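A, B and C are the chain letters, set down in written order, and residue numbers restart from 1 in every chain.
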């Protein structure tokens, strides 16, 4: 048993998840629990960030899947916190922080001096930049940029020009309303202004209702977006750019565009009362270093939050240019407004659920 | 002779005391079980009720219930939930009744073998079974491929990510819950019953509907109720096979928790679902003798 | 279920015929064949002149009382009894009338609204009976209907069934493994063994003239003694002449062995060893065992070269001679009328 426990410690990542119950006896310090998502996202983080950061810092980690801010809050409220670092969307972190579920980040430990200004907050440190894009089956509608290929949300809605089935977000309003307004002709820079009234939200909902007969599936995870495109279950889907790139690597006939996409970021947050707060903070400082982020694009096409990573990365030029946070791509996109979500998320979700339940 | 009745009564008091003591002892034997029930059922349910009346500001509030009236999505998900549950139950009855009847007719050993096949879903992971259906039923799935190859239909038929797929998956998972009680009720029907009916002049069809069916009804009601109630709270299968188009109460509870961390609103939904379930059980108990059905009384 | 082999049985109109045999002998199989629940591979079942072998059970118009009663628990007593009438499209007024009448016949007047589970065993039995005859079937079949009742109730019901049969006059085929029940109730008894008819006759004939050793042994108590056949075709027991000729049916067959069947109650106890005119056999023997059983006493007496004969004696308070003890010497005699001679089964 000892033998086995030691060997799992030297090979963290996936094996560690299975071996977690054995680690306690063999380790000197308590391993910290780092929670991310399943599918290619978590695997990419293991390969680029967690494994090397753990090795270099000597901090042992236990990896779990199924990260969620609601579970984090449940742990905090019930006083049984077992997680130390949790991956979350920026909006989720903002909501959880507002509910008092998160520890403040100690920026004397975590160095964000080279970070983009808007990619860290008091309660979370950006881990990567991603985009909510529209993707399509390239066999059906052509390669991105080729004549006749879809270019805008208006095309996503245009079932006459692009006949076929669509997939859209299920049971969560994040990134669901903005595309509808853009498809309805609202310029990107006015989207959140329009959405800040109930009429604006209803306008977006109505636009989605218009498309609903053609929405064959509502996805509720990144893994599902990739699967739907891989299986050819739908012809066009919204989703996260990295998932589609990885699906493409797996042989899926899928392409996407950054035009009118939503620019957003994921981050690390720490549950209030995390059991290994200090060690976890050190680990957070370690993974936020540019040398790790520089490796991320090899595994998933999400951009670094640390500017220095662009200097350090050995990734080829095409790969760098395909990242959502690349200066060429950023101007095409609409950055997600955390302010708007903080104020309107609850109301928007109620309206969106009304539409879904119809 | 005259003193004897008094003597005879001497034992009465001590015996009564002893009886009371024994009853308490018996009760104390049951206390661990009672404690477990209180711990795992009553306390969480009470907590659920309490949470559903606490507003965002931590004060007593009816806001969660008010919201359920204000937004149509709530009543719709309840209707969907009941619709899915009723349809699944009906499908299970349509498939399960003939199946149980067939099993009850088979000789014991053969019936055991078939029962194993019926029970197999019980021992397979729910998630695995659900995704297996996805693989079978999706647009470019095995079934569509096959049907198009042999020319049954020309373009893919939408079998999953909708109500159809949900019902197929649910019925598959729920079938054993219907078949088991039904089979055991059917096994209790003596062969002589059908002989008697036929001997008295009933055709096989008449004998079935007037004698066999009424006698198997208790098992059918028990199985159907179990299936129905289990369906009401089901999450995984509708979430995966419904493709986001079949929004059940459980789905909505998850959405509220995941996006709003709003335990009060989620609890309120749970409370309403619980009450609706109890109401249905109550109505069913008016219609059928439920205690007989569920606890096997005659 | 036992296979039936070459059973040729005629049931007379209006009679009470009992199928008697050990369990597994095929008597229930025969009853089920009459009811139509199993179909013989070959042969024929006729009601009057109508061939019924291909007629399904529900069209045979045969009433049956099952061993388990098979009353429908989801119906009341009246609904159970009315069930066959409803199927025969009898209108509701007449149905009610006939149900009431049937209930009166089985002495259950007023219990029509009861549920089956509110009835005692005896009452259920009567309901089963009423349901079986209420539609005036051509034949009434009963499959060990009294076996679930206790002894006292069983004996009472035997008499009642007999009376009911006389009252209704319906042809009845009754299955039992209880010989006393068969003897009590039947006009005729058909004894079945290993799927074959062993003997069909009236109770008296069966008891007094069993035609083979199975019947002799199965019905009543008996001691079976071997006989020897002399050159003049006379049958002897221990040198005493039993019959001076072979029974007619077997007169040409002297390759068989023969036995004497002695019923214990037919043996007389004598004061001396004198042979009276009517005596066929006289023995002197030694009492090996004596058991007092209330209305009778049973003695086991050793006679001749080690044959044990059971002797049943009446008892009364005054008689001292009925009290014996092992070792006593006694004189026994068997009258000519009580001699039962049977051929041994041929063992191929």
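Here, contacts are C-beta pairs under 8 Å (C-beta built on N, C-alpha and C of every residue); 3 or more make two chains touch, one makes a residue touch a chain.
Every value quoted in this text rests on a predicted model; they were computed, and no experiment measured them.
**Student:** So which chain is farthest from chain A, going by the mean of the CA atoms in each chain?
**Tutor:** Ranked by distance of C-alpha centres from chain A, the top chain is C.
**Student:** Measuring from CA centroids, which chain ends up nearest the centre of the complete protein set?
**Tutor:** The chain sitting closest to the overall C-alpha centre is B.
**Student:** Nearest whole angstrom, what separates the Cα centre of chain A from the Cα centre of chain C?
**Tutor:** Computed value for the inter-centroid distance: 90 Å.
**Student:** What whole-number Å value describes the gap between the mean CA coordinates of chain A and chain B?
**Tutor:** Centre-to-centre distance between chain A and chain B: 38 Å.
**Student:** Rounded to a whole Å, what is the gap between the Cα centroids of chain B and chain C?
**Tutor:** 55
**Student:** I need the residues of chain C touching at least two other chains; which ones are they?
**Tutor:** None at all.
**Student:** Hey, which residues of chain B end up touching chain A in the complex?
**Tutor:** 67, 71-73, 76-77, 80, 138-141, 158, 161, 239, 243-245, 247, 251-252, 254-263
**Student:** Can you tell me which positions in chain A touch chain B when the two form their complex?
**Tutor:** It is residues 68-70, 73-74, 77, 95-96, 99, 101, 165, 168, 170-174, 216-220, 231-234, 345-346, 349-351, 353-354, 356-358 of chain A that touch chain B.
**Student:** Across the complex, what residues on chain B touch chain C?
**Tutor:** Those in contact with chain C are residues 190, 192-193, 195-204, 206-207, 210-211, 214-215, 298.
**Student:** Which stretch or stretches of chain C touch chain B in the complex?
**Tutor:** The contact residues of chain C facing chain B are 35-37, 56-64, 66-68, 70-74, 83-84, 87-88, 117, 131, 135.
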